[in-house]
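By letter and in written order, the chains are A, B and C; residue numbering begins at 1 in each of them.
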Amino acid sequence: MSIETQKHITGSRTWPHPEVVEDLAQLRQSAPLTHCITNSVVTNFTANVLLAAGASPAMVVTIEEVAEFVRIAQALLINVGTITTTDAEVMLKAAATAQQTNTPWVLDPVAVGALRFRTDIVDQLLRSKPTVIRGNASEILALCGFAGKAKGVDSTAPSLAALPAAFQLAEQTGAVVALSGEVDYITDGKEIITIPGGHEIMTKITGTGCSLGALIAAFLPVTRTAVRAASAASVIFAAAGERAFREARGTGSFCVGFLDQLSTIGIRE
Amino acid sequence: MSIETQKHITGSRTWPHPEVVEDLAQLRQSAPLTHCITNSVVTNFTANVLLAAGASPAMVVTIEEVAEFVRIAQALLINVGTITTTDAEVMLKAAATAQQTNTPWVLDPVAVGALRFRTDIVDQLLRSKPTVIRGNASEILALCGFAGKAKGVDSTAPSLAALPAAFQLAEQTGAVVALSGEVDYITDGKEIITIPGGHEIMTKITGTGCSLGALIAAFLPVTRTAVRAASAASVIFAAAGERAFREARGTGSFCVGFLDQLSTIGIRE
Amino acid sequence: MSIETQKHITGSRTWPHPEVVEDLAQLRQSAPLTHCITNSVVTNFTANVLLAAGASPAMVVTIEEVAEFVRIAQALLINVGTITTTDAEVMLKAAATAQQTNTPWVLDPVAVGALRFRTDIVDQLLRSKPTVIRGNASEILALCGFAGKAKGVDSTAPSLAALPAAFQLAEQTGAVVALSGEVDYITDGKEIITIPGGHEIMTKITGTGCSLGALIAAFLPVTRTAVRAASAASVIFAAAGERAFREARGTGSFCVGFLDQLSTIGIRE
């Protein structure tokens, strides 16, 4: 891949970056109603993550209500993790409605490229112009290949290896791409923001990636740009993950501590 | 709204009210099989709340089994939080069966009034005569409007503002109404019991309201009256919430502590 | 029931049995991709249990993807706890595919015998030859009756009372049977391994049995025999349960501590 993404890296953000502090305060004040159509494994955790951070989650998932609720909500998350035949129709309607109503929305294309059905649905969802696409290296690479230009990447550093693909995907789709990994990268196809931190234990509980997508959605109606929304959510996750790890005795208490940190970061410190 | 509900307030209950202590002991002894048809965000938490308190939860949610299981179970909860087309049919069948078999049941009309499909289904569910209706101020107001008599209420004190509506709804439907908020109110349209306590942090984790509905259902086959069932569950929730808050470091540990308190209240003290 | 199962008991296993220690190390090294089609109450907990122990869970649950994913995964769990009309078709296809591809799989026949629809589906699932059947005493007795030979058992010691049925079910089906209870019994219809330990509090949180089934599935591609897979998972659960109980303040902290123990057993000791 020939794109030289290094030169587009405009900076690194960690807590307490002043823009993130400001955006989090704003999130807590406005408690944006965030419509989540997500997978069955992480619904509870996602709701608790949004509540802890200060947003107002709502899961409305039936075809009769989904368009009505997209019009009420301030942001939308679509995560295809456990997509079913019925869900697919609901997701497509939600995305189309979000596009019509200019409701900002996040697409989390879980396991795209690995299974045909979801890959086809994600392709269709992309036509409704997500504001942000959040995924790990494999997913971003798959999506980019999809767009017809990506090649195999054999780097051993997952998120960095997919950075050119993320950049290209942002350029092609007009979405901000949030590439999650050891380091998170946020790009709009012009600049790239790097977000270090977090901890490997975050991959040992289910739902950290999925709920990050939800928190990005919650920030979208609050921040000036989608890059800032994705950055704020990622910075807060990285800080909460690091802090929770320090006091964890295993993955159970990590999970509890992570929510504790999300609900207190910037308040009790 | 002209109803003077104040004069119907017959008392306030807090832990350890002797009736609640007695009813909880009875719940733990009989471990009532409680059939929950609830929303996808809170299934796990609801099951853990019922187990912690001493009931025996079971989620049976398919059309082929639902009537059969209503006949086996001692109580039923129907919560429309994430209702789907398929769920609606299951809920209507469960409610109709409960009415036929005199199985006591709780209706939790999540977000009724806000979305048309669920509002219509809740209207149909009401015809099967729930034993208890549990909701927050907005939901109770919406349900009452539904019954054709309520007007807008612009009080800023949510649960108190909906108290006349709760009273009226109980009169009209014959159900006990459990109105949740900063203070909980339980009414059968004759007397009103107030339950203070709890803590605001309970609104910062998902599922406290939904699992309260489930615990009310679990108490129904145990207590002498439905008012007592709703009161017992609400008093226990308020006490567990207050105690858990005192030791919480954020919303994650609050959630854990809340289950700890439910599983030990009246035992280790 | 005339089978004398006592003479087939070949030994008792507790942590740190050398085979279990070896198998757990192998599980952590290979992180087997474990396809879980499980009930809606325990998806999150099951995923967290598998991650804590070192496996790689994935929930793929739609008819369009299920056969494709069984071919990718290294093991499969089918748990009928909250089975729906749609799920039934998915489960049957998954099981049939697993049989074709020699993917080892676990059947968890929750509440079989109690409700007709699931009992019929479980009967059909058995034709696809599960590698392991995991259930409690009632379920194993129901399944055995099913096979046409079991009689009522009126012992008060649940798991021991179902041991002859477990033995017979293993003989009849060719599956290893993992009978869960105060003592767990694992049998292939030739030998019986007993696994004492655990703690009663494990029945006071939802999902311990269901996630045990998932962990058995995760061990299947790793261990030399299915008996060893079922034993390893059961021994680890018993040890984690005992240890977590010692530090628990109630069911909430037990649940957290249980995941902590699973994620550290054999590492930080």
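Details
We adopt the following convention: contacts are C-beta pairs under 8 Å (C-beta built on N, C-alpha and C of every residue); 3 or more make two chains touch, one makes a residue touch a chain.
All values reported here derive from a predicted model rather than from experimental measurement.
Annotation: the chain A:chain C pair of sequence copies touches via predominantly different residues, less than half of the used numbers being shared. A turn of 120° superposes the CA atoms of chain B on those of chain C, with the angle given to the nearest 5. Annotation: 34 Å between the Cα-based centres of chain A and chain C. Residue positions of chain A touching 2 or more other chains: 40, 43-44, 86, 255-256. Contact residues on chain A toward chain B in their complex (touch as defined above): 40, 43-44, 47-48, 51-52, 57-65, 68-69, 72, 86, 255-264.
Residues 39-45, 81-87, 111, 114-118, 203-207, 248-253, 255-256 of chain C are the ones touching chain B in the complex.
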